[in-house]
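Heads up, the next two complexes both have chain A, just with different partners, chain B and then chain C.
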Partner chain A sequence: MLDLINVSYDTLIPNNVGLSTDKRVLKALEKWHPGYINWWNDLIPDNFQKSLVYLRTAVSVDPKGWAKFDYVKMPEYRWGILLAPQVEGRTIPCGEHAGQPAWQEVPGEYRNMLKRLIVIQGDTEPASVEQQRFLGRTAPSLYDMRNLFQVNVEEGRHLWAMVYLLHKYFGADGREEADDLLRRQSGSEEAPRMLGAFNEETPDWLSFFMFTYFTDRDGKMQLESLAQSGFDPLSRTCRFMLTEEAHHMFVGETGVGRTIERTCQIMAENGIDDPYDIEKIRSFGVIDLPTIQKKLNLHYTLSLDLFGQEVSTNAANAFNSGIKGRYMESRIDDDHKLTNATYPVWDMVDGQLVRHEVPALTAINMRLRDDYSRDAAGGVGRWNKIIEKAGIAFEMKLPHEAFNRKIGVFANHNFNPEGQLVSGAEFDKGINDWLPNKADGDFIQSLMNPVYEPGKYASWISPPKVGIDNKPGDFEYVKLHMA
Partner chain B sequence: MTKMIDFQTDPSKYRHWRVEYEGDIATLYMDVDENGGLFEGYQLKLNSYDLGVDIELNDVVQRMRFEHPEVKVVVMKSGKDKVFCAGANIRMLGGATHAHKVNFCKFTNETRNTFEAAEADSGQKYIAAVKGACAGGGYELALACNYIMLTDDSSSNVSLPEVPLLAVLPGTGGLTRVTDKRKVRRDLADVFCSVEEGVKGKRAVDWRLVDEAVPNSKFDTVVAERARQFADAAAAKAAKGITLGPLNRTIAEDGSVTYSLVEIAVDRAARRATITLHGPDRDVPASTDALVAEGDQSWMLRLVREFEDAILHLRLNEMELGLWVFRTQGDADAVLAHEAFMLANKDHWLANEILQLWKRTLKRVDVTSRSIATLVEHGSCFAGPLAELIWAGDRSYMMEDEFEGDNRPIATVRLSEGNFGTYPMGNDITRLQTRFLAEPEHVEALKGHIGEEIEADSARDLGLITYAFDDIDWDDEIRIFMEERASFSPDAMTGLEANIRFAGPETMETRIFGRLTAWQNWIFNRPNATGTDGALQRYGTGVRGDYNMQRV
Partner chain C sequence: MNKPIKQHLIDPEICIRCYTCEMTCPIEAITHDDSNVVVDAEKCNFCMDCIPVCPTGSIDEWRVVSEPYSLEDQFAFSELPAQEDLGQDEASTGLEALDEAMATLLADAHKGAGGKAKAPASAAKPSVNMYNLGKPAVAKVQGNYRLTDDDGHDVRHIILDFGGQPFPVLEGQSIGIIPPGTDADGKPLLPRLYSVSSPRDGERPNYNNLSLTVKREEGGLCSNYVCDLKQGDEVQVTGPFGATFLLPDDPSARLLMICTGTGSAPMRAFTMRRQRTVGAKSGGMLMFFGARSKGSLPYFGPLSKVPESLLKQHLVFSRAEGQPKEYVQDRLRSEEDEVAEMLQDPKTHIYICGLRGMEEGVEQAFTNIAESFGEQWSALRDTMREEGRYHVETY
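Entry: the complex of A and B
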């Protein structure tokens, strides 16, 4: 067990921020760390705490150091504080201060705005670990279990990264906010997580893959825009987090892909051509493609809600003050101030969906969401390749962004996945075909039986093409502790 | 208007006032030099005044108290024939920036309050002996006196013609004193304030606008009688005063200012002035005789005079320095000892005057339109009167525990008996009472901490400070607070502070600085008064102001 009294933060915490000489952060971390370990231990079942997991640890930010693989017990994982290297002469990339030297200290004027953004980002990191807390028990393989835990410890590290910023730059307020990040709990009635999508439980592994594909991608977009921040420590933190986030989306994309692949394989083996022959397909212990599409619909639309209102003053303020940029800000060819620019946003006029131009400054959220949708379409295309290869007439699709929305202009209206306004009755009629229902959930749940034997996989999912760290197919990714 | 305005003056430099002393009665003549305006572009006709005239008046009142404690009655008269005083100079107002108008009004208001309070605070009663036209700011001068006598010559009158003539308000306390002090019936006040020609003779008495209307032939005699009467009814305090010498002040190129006990450091980029007050550099006087012998050099008097000058200088000459930071350095025990001496001898005229000047100067802080932060650092002496600065400010920050490489004594707050009644605010209750409006019992409990060396954690628990930060957090927290503060709209800050500083009871004073001033400043921003076709610009052209008739 970890010795909490005599933590040597210098060796325990891989860092490139001079932690050993930073009295302020050390003092704050000493107070915060025990709570973090408690949080972790409460969350992950005991036998997994004691298991040896083949994990990647980032010990430095150079290419050699950021992916060290070894067996580790999760409570002893070395959560590091790593910032992408400082870029000499970096300037504020956008807004009214564009071109001025990037801030190395928090500008007093924007302290509260910055703090709020960091807290919101920080709140999502531990939330997903909480949402996924029961999945280890139903892992379809040790390979997948290991990926789950990898994502979990890295989300934990992302929490550390945000806590570091709060401790380092936001004084007493920051310490209080850091404590509150551990006080809120996903799904809690007392103190829920800040964003709706992070209070939903992740009930099964397909949900987990969809979540890491779609919702982590929202995280990616947020990190991308924070990586464009004029507040340099935030930018550097987020740039490094993005390298890890890419792996989470890889877990999601390949997880869904392997599920699809397995379904296609079983259909071929049993001569089933009709993807809608659901009962028959399910009888072979795989998930039919229409149900996978329904899961996609759900997770994509929940994730769209995370981008907030299409037209937003907060987003405009954050951009204009140089606190948050656009996706790939530095590659956009404009004045980076959006003084006179416009951007088309969705709106409802006389019951009709229209897209009209508004000042681009106020449409920052909309633009980021559009970038997100484009980004999310890539993996869907690759999934369709798998289906196509199997010769099955079925295509996965991102639903129209108006469908199933709770936030923004589409909220409180009934749209079908094609983006057509439908009546309440039509919506109720279609919903069973559009979103997973209880029976779908029950069926998926019935497949969630753990497979703990090295090299073996559950009935509903194919093995991966290559192992983690190029390990062979029967590699024991998790040495389970048997109580 | 970029030239520096100096608030220091002395009788040898007066151009607008003169005083004749005769035993316990002084006669104060207002005799404004037409060509003695503070700025170019206007003449001070008909005993009208500008800031320069008021700076002299402020000096007269101050010296009356310290240099002439023998005076019990001051008779304010005009040195001109047909006019008592025509009020603030209209051309000056028409040409002044908004900021100057606002600050001018604030200072004149403070001066009016000062001589009005002289009877209660110092036993010096002011009589206004009004002969000739007494209009607008002129009547406001009279209103601030403790007794108003008007000659009944069938033409001399008192009036507040601002509304009909200039489309502004009688903003130097006029409206408020008519209703709150003179207690004129509101409908009569309404009539009075909307007629240009004002009210004269017996009606002025009937309407309570003056205390006495005296037949013109007997006017001088009756005024002299009244003065004698009032003087005889008051107790004598002292035969001889002290001399208020010029302050020891150096202003550097960059705008920083050094006095013997006060320093102002200026950071223009940060829009900040740091004002450091130093603790005692000399011993507590051995006796009241010794106090008098020290003259203007005793620690408490010298410090408060320098501090007052610093406040006035920064207010008028450094308007872009939107954040004032108060610091102190020195021996807190010594501060308490000096104050204790004054409190023990507050029946002595000079000790009393010094405490009263502290009270007035702290009130100047309260009504200053700057964000004020107090830093209670190691080695500081926020004790007694200096501790008031913590609660006069908008926020306070205190050093907690030892700081590396800092061997100054640990920061403490020290309460004294003085904090519980000697320095009331304009709302007539103490800063502590105002601070703990919801918990009067807490103020009582704080009395139990008088003299204690209250360190940061207790000071925070007792609610005496806003934040305490240790070595690790201090620099960053202070920097960020200051940057944030300096980034807000100055107007919004002024409005915010002026509102939340004055919790608790309304008094005539808070109504003047709050309600009357706020409305006046609003009107000063409206085209009906200050637009190119507004009343102030058109005054004297024979053409009336062109008003937008929409009621807002």
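Entry: the complex of A and C
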């Protein structure tokens, strides 16, 4: 019998989908594999490829098997195809087919829609690795470097997950799409990644932490709603990806938190009460809280754009067809069809922001974005507790969702972070206080000096409270290859 | 007062609210509000499925409580409450094991310390009860080697491999082995406890294996089963257990280790841990190890290769040919100066492990030695124990 819990290593590609008995897909994946390895090898600087990194690798998809830690050279990481176990009798959770048995094969009428969703999701995974490719050179500690590489290899695995679906279920055009996922490059002129936010380089570690906190959280929300898909292989794939995605949230939330903690500590040690005494605070080699707030404003609003238009027929179709559910669909208490339900969405009426009710079916994006904002607010509250504990009068805030938007009803309007419509002149005047400027970026860049000694941390960040895998503070998370 | 219960909590300062535990929990005992993720004490059955999936380490928190924290209490936590003082009864108020049978066994083994055991301040955080009688781990025997050269004294070094199952142990912890078969009522037999004799990163570094040091007892159901295991056999294992008989992570801590027979198991783990991490740069380790003769002393060969800079050894024999009987307490007395100096150093941690009753002779020796520098042993011992520096485990 097929063992669908434990990972099988009888092919080059570790998997729990019985790949060795599925010759067609195995062949296709083996053909794709070298291109992937090339992509990886060209990407990450060579000395890190040769370093031993303390990574977790899934050895099975049941709870006790997916976090096995060991030293691995990244190119030898066992990327593989892991699906959460099939739930017997699972039904389509939403839309017009709600209650019917979940699809084990692609339903013909939704083939294109499904393929497009999988390709968009797949495109973001390698994109973020590309964006973060140079960060290892400025890692504030071996601990952080390990976390970066863990995020990177798992994004790589998520690409594998999507490529498997394309190869397995979408024939020749699936294979073509899989090849294109390696052809597009973040920031490339001729073949950029599909979504805007994934074409910006991640220039420094604070950006990386903000990215993993805000942008990977968008990824989490998308995975959550794809995990509710009536197409069972997609649902099972995404459910397992979510267990890995949690680590990315962790890196972001604690990374920003540790940056804030260090700033607060330095302020206390040097008797600085005024969080706006920016020059003095920066002179101690830490990032002042107002600058951290500006970075937050930027990354939060860029991530909001990833949710698309507030009112969207595409999103309505995806929900209605049972291809994509809502966040925690199975725990929502309604008809799961949204035949008569409404949902309040933002709109501009006579230059005023209003929220009015529209058919809930068309407001799927808005609802997911609201769920996202609630989820994102949690960590901000936690950061504020650090500041409060240090006795500093400052509060981090999520800006109003109208601020700095390029997509949706707020695009092309000037809003300040409080959500008030302002004139172009007022906006230009305020922008320096709202979003990071070049001088802020240069200052942060000036702090990005690598610290490669076990147990030591760069000036601008505190050590973590708990080690990875319960390791002690001076654990050598990366055994660096010194060329 | 109600009987205290053990409650699973999540540290809200470290948790990032990813809800992975909530999705993993097979019985929906975990839930959340806008601020915290919490565990329902009425539902949680300690299956431990949520422990390895947590990306932060915030999930493995336990408190002994007389009245469990309600969901509302937990939603309002901004940090974890400290462990309440519920008295000195270790079996019911300690966190050595989550199930009563194992907690009672360990409390009994720790009795010789004269009070409730406490872990060294710098010890790493142990995981306990990852596997239990209902859901044991399955380990494969990698090796079974005889350690002694004495007919009446068969001591074995057993290596167990856990494959892909996470089985995090710290030096000084124990595991339970479930012997095959059933009792008179047809129920599965209760696990027997064995102290782990390998360090936390495995008998072989970075392999998911561990070793045990087991003596064959005449008529002993489990010890004969374990000593007869062959390579490739599968064994059902529970645990790990034990949250106080642990190695301080502080490399400058000085260890005074006193053991007999298979009581050497945790001492071997301590020594190997230090050998692999700080080596001779540690605060030092002094061992008094008693056996009948060279032939019946486990690890006699390997011990001769351990340098004194890492571990200073006194091997003491009670039946050595042509020599008067000598027990560990006798050697403690004859090395009085060195022992007295250590007893007075607040960096010293004492570990006693071996057959039940050995602690009495050792205590007598300590009493005499403490007198020599004008201290009352019982008071010194209580202070040391309260500071997590005095540990007894005898069976």
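The definition used in the following text is that the second predicted complex is superposed on the first by the 472 of 483 C-alpha atoms of A that agree within 3 Å, B and C clash if a C-alpha of one lies under 4 Å from a C-alpha of the other, contacts with A are read in each partner's own complex, and residues count from 1 in each chain.
The working rule: contacts are C-beta pairs under 8 Å (C-beta built on N, C-alpha and C of every residue); 3 or more make two chains touch, one makes a residue touch a chain.
Because the structure is predicted, anything quoted here is derived from the model rather than measured.
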item	value
First, second, both or neither for A:Ser60, with chain B first and chain C second	second
Touching partner for A:Tyr169 - first (chain B), second (chain C), both, neither	first
Partner chain in contact with A:Lys23 - chain B first, chain C second, else both or neither	first
First (chain B), second (chain C), both or neither touched by A:Glu109	first
Which superposed partner A:Gly379 touches (first chain B, second chain C, both, neither)	second
Which superposed partner A:Asn470 touches (first chain B, second chain C, both, neither)	second
First, second, both or neither for A:His247, with chain B first and chain C second	second
Superposition-derived comparison: chain B or chain C, residues of chain A touched	C
Chain B and chain C contact sites that coincide on chain A, given as residue numbers	none
Contact set on chain A toward chain B in their complex	23-24, 27, 105-109, 111-112, 169, 171-172
For the chain B and chain A complex, residues of the former touching the latter	467, 469, 472-473, 476-477, 479-487
Chain C residues touching chain A - in the complex, by the definition given at the top	13-14, 16-20, 23-24, 34-35, 48-50, 52-53, 55-58, 78, 124-125, 127, 130, 164-166, 168, 206, 208, 249
Footprint of chain C on chain A - complex, ascending	6, 59-60, 63-68, 70-71, 220, 239, 242-243, 245-247, 249-250, 253-254, 374-375, 377-379, 381-382, 385, 465-467, 470, 472
